[in-house]
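First comes the structure, then the notes that go with it.
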Amino acid sequence: MPTLKCPVCGGPVEVPDDAMPGELIDHDCGVTLEVVKKDDGSFELKPFEGVGEDWGE
Amino acid sequence: MPTLKCPVCGGPVEVPDDAMPGELIDHDCGVTLEVVKKDDGSFELKPFEGVGEDWGE
Amino acid sequence: MLRVAVVVDVVRQEEQMLLKTLGEYMDARLFNVRSRALELGSDGLDAAVIRPISMYRAAYTAASFEAAGVFTVNQSETIMIAGDKLLAYARLAAARIPIPRSFYAADVEAALEAASKLGYPVVVKAPVGSWGRLVSRADSPEELEQLANMRQRLPCSQTRSMIVQEYLETGNSDIRCIVVAGTMLGCIRRIAQNGEWRSNVALGAKTEAYPANPALEDMVLRAAAAVKGFFVSIDVFETREKGYLVNEVNGVPEFKGFYRATGINPAKRLAEALLEELKR
Amino acid sequence: MLRVAVVVDVVRQEEQMLLKTLGEYMDARLFNVRSRALELGSDGLDAAVIRPISMYRAAYTAASFEAAGVFTVNQSETIMIAGDKLLAYARLAAARIPIPRSFYAADVEAALEAASKLGYPVVVKAPVGSWGRLVSRADSPEELEQLANMRQRLPCSQTRSMIVQEYLETGNSDIRCIVVAGTMLGCIRRIAQNGEWRSNVALGAKTEAYPANPALEDMVLRAAAAVKGFFVSIDVFETREKGYLVNEVNGVPEFKGFYRATGINPAKRLAEALLEELKR
Amino acid sequence: MLRVAVVVDVVRQEEQMLLKTLGEYMDARLFNVRSRALELGSDGLDAAVIRPISMYRAAYTAASFEAAGVFTVNQSETIMIAGDKLLAYARLAAARIPIPRSFYAADVEAALEAASKLGYPVVVKAPVGSWGRLVSRADSPEELEQLANMRQRLPCSQTRSMIVQEYLETGNSDIRCIVVAGTMLGCIRRIAQNGEWRSNVALGAKTEAYPANPALEDMVLRAAAAVKGFFVSIDVFETREKGYLVNEVNGVPEFKGFYRATGINPAKRLAEALLEELKR
Amino acid sequence: MLRVAVVVDVVRQEEQMLLKTLGEYMDARLFNVRSRALELGSDGLDAAVIRPISMYRAAYTAASFEAAGVFTVNQSETIMIAGDKLLAYARLAAARIPIPRSFYAADVEAALEAASKLGYPVVVKAPVGSWGRLVSRADSPEELEQLANMRQRLPCSQTRSMIVQEYLETGNSDIRCIVVAGTMLGCIRRIAQNGEWRSNVALGAKTEAYPANPALEDMVLRAAAAVKGFFVSIDVFETREKGYLVNEVNGVPEFKGFYRATGINPAKRLAEALLEELKR
């Protein structure tokens, strides 16, 4: 399980081995992070923009 | 007092002689109309877009 | 080999299950609609399982694939109707499926008129929205007026629109039934958290398996058919006075909780049904 | 006597004509959706002519009447599809009716990808909107990126969604054809104001009668049928390279300018068609 | 001759009165901010009377004129503070002027905490807004939570922000006092329509003259000074328990109703005060 | 012991540094505005360091503390002015500090007028916003009209407002200088990513230390004073033709990149300056 750095607070974030781009992770600092695949195939985390009015189950 | 035509319903709208561009008039058809000055100096009516969140007394 | 896209905007557990399970039956790949454009009418796939959480992203990807004749689960028509409570109620009512007594109110005045016909309390909901977010209860005309006025300040036409509905005694719970290709897989009951009347899991509701019965199953299957749903969940109220009523249809159903409570894996059933459908 | 409601939110000249003309054939009354609630499934009418300017008000009143089996012009399905350019294009394309080459783009990155496939300039439009308001042209990736970024700041999911489309040489004009009950009444041409490429009357376009021809009529009638339209207008582009293409369908058509340019009164034709339909 | 602009976005009776009256004392011209750009720091005027109904249009035109040293009524600082109830309360409280007991709540949880300290009912208002539009009352935690949740759906940060405030027994009325250049011109009382607790004229309130008294006048003048207001109205609550409290300051005051009830013409007083100010 | 709150909505690296460093000098505690209500005028603290990312949350917490006489860094006035580019430009211009030539435009027509005076290309920005998000460039009247029209569809009055500004040749870079209590700590240069003209770090800009000089320092300190900033960053354009110009003031400055490039720790300097200030 790789540990990535939170782009907002700099703290550690555990990302599952089989993570997929598009997965969301809530972080302690108060931000939701999204798993994004970089061009070189590795993962990074990006703050996730809030949900819109039509999002739901 | 000139009578202009409502651009929405086609009905008559009475506009005061001393009307100023920017004046608002509510019309029967359900629309608020704004007095606008044309290039030739005469008046016309345009539907007035709704007020925003920061409009008030 | 059959080729299917799992279309997403974010990847929840459901989408991971779908990708894994479908991958055992066919060539399944992820399609992230946030980074890729989709040509209307371009081809190359046999089917698309539509999973964006955003209703419009779901409907628009489905429609784009349909333009090319790709089989979509669900089709855009189902997604649009299921995603819009008012259109869904109308479809169900037209098919003589029982629903809560409901009015469409475009404005404050209309909402007050509707409530005066229904009697208080009333439930007010927006056609679009989920997780209980735009579902409110008004106990008096004052409260309703305040609420309806606030609603008129929302920026989207659909969230300004109101469904004014009788408040039903449901034990603060509802029943979610999952349907795949005309078969009901099973049901769960969602029971609202203490102090909350809305039984959304996002609002803390607990889930448990709920034993089906023929009356329920019949109504649920008719509801799924009325919206032309291939893979949908049907949310049902059980009331003492009126029996079962359909409250909601979901065209991109979450099923993590369902799987946990019942042991039934909708992803597997969907994969099998899809295979069968595409062979035809 | 047959009873029909003319459902409005604002009473334009069109609605006055409809009320007057329908009143000569049946018992026609105004229904203002802004002040009156509408029960889903309540009865008492034979037909409803749906005329709110707001697309959702139109669709929701239609659906509410349909829940009771009232005949609606147009039905909610037509209004929803015609009111949403992406759903409309998808329906038309699925019916093999020619449309501008178009992509669905959910986000900036997707829009850029679409444009790089189409080549610049491209047209970017929102699925919902009219009067040319959310229709833009981007001449370069920089301009498109800026535009698409701005779009993502709009408050409603539907106006954030983008259709990225080839820019067509149309002489800055389009052809509007009006269809009632499977018959094309006639066509007008709208020619954009000087310096403007969009031929919306709201943006200053001039209108003139346009002589129909069998190829156009055939395409227009197939388009109306594809969206199940009873009373719709079909907007067509005429291009040197690709011939006729359907650009847009309107489910609550304005016809003041059409009447002025052609002398044909759609309200009268609608009244007659409605009478015939209801007698069946 | 002194040159003054009357800056507007729409022209109400107030602006017509101002233009006419100011015109008797100086060269007064209309400046419509919707059609004309304003360079920051461009000169040519002695004063600008700022009258846009939109708070930001008012503040931004004032600021643009101030960049060039033009005397503005009111200055942008006053307009921004008066236009924002939270900034205004803070300024008043810092100047030891009595206000309703109030909390700033950024979110639902914070709002519930504030209300539990205040006791129910509470008033919840947005910092920006008028005509009573975003002013609500919550009688219970359930109602407050529902309301606060809805608030979080509004599109602008300022309308999502909440002031949670004690509900005061005011006889459903307030007192509006008009101040010009450090002098209180007079007061009116606004009494809410039957069944309404908010005394906004836009919500049907009736107005009548209200006799001033030294205690009221002293508080009102200190309030006007605290926000550096040249021409403002100060809205005051009169309560049995706490006496007078300032509820609101208006930086672009309407005075049509004041004029009718008191016979005092604020436009005339403003013209004279402006003349005096500019002579200095 | 002195008591200070570090007010946050999200805890970035900056806030962690502040909390740790201030904690070495005084009793420093975190105050999360998203979960806690703040009474206007309640006491108990000596100072509050205002750090919410949301401008209004920052301004409102500052104002709430000021109502009780708590020393705030920055004060609400500074936060409101720095957070609003138009108010900031006006303040700077009134203090005779050079800024880009700028117009306030409330609507499309006004924007076109401003641009025709400036000549193309022009920069169009909203008063509120950061990270380059509402900063666009228009190369022609057509592009500007399209852009300005889109802007009018945004939901908040402030983001509909436009600053139309000369486009300056800055080498796609700007200089950020940090000021604490009247002292300039140092500067960095931010250079835009390839293909991007905006030098925001959020848009990929690189940072490097920038050696100060007396002319720059003088202008920067005057700018900080003009907005009454205790701890602010001043963003400066360096142009061949006009020399240094102030483009922006930040009232809740990010300083992670500054620290990395210069080795200067603003948190430490702030703690010392605060100690000194509070001892007085």
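As written, the chain order gives the labels A, B, C, D, E and F, with residue 1 at the start of each chain.
Assume a contact is a pair of C-beta atoms (placed from the backbone, for glycine too) under 8 Å apart; a residue touches a chain by one contact, two chains touch by 3 or more.
Note that this is a predicted model, so its numbers are computed, not measured.
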item	value
Where chain B and chain F overlap in contact partners, by chain label	D, E
Each chain counted as touching chain B and chain C at once	D, E
Self-contact between copies chain E and chain F, residue sets same or different by half	same
Reference chain B; chain at largest CA-centroid distance	A
For chain C paired with chain D, centre-to-centre distance based on mean C-alpha positions, whole Å	28
Chain A and chain B: spacing of chain centres that average the CA atoms, whole Å	52
Junction residues of chain F, two or more chains touched	9, 34, 155-157
Touching two or more other chains - residue numbers and ranges from chain B	52-54
In contact (per the touch rule at the top): chain pairs	A-C, A-D, A-F, B-D, B-E, B-F, C-D, C-E, D-F, E-F
Interfacial residue positions of chain C with respect to chain D in the complex	9, 33-41, 54-57, 59-61, 63-64, 66-69, 76-77, 80, 86-87, 89-91, 93-94, 99, 101-107, 109-111, 113-114, 117, 127, 155-158, 161, 164
Complex interface listing, chain F residues touching chain A	9-13, 16, 32, 34
Touch list for chain D against partner chain F, complex	133-134, 136-137, 143, 146-147, 149-151, 153-155, 159
Touching residues on chain A, where the partner in the complex is chain C	20-24, 34-35, 48, 51-57
Residues of chain B that touch chain D when the two form their complex	8-10, 29-31
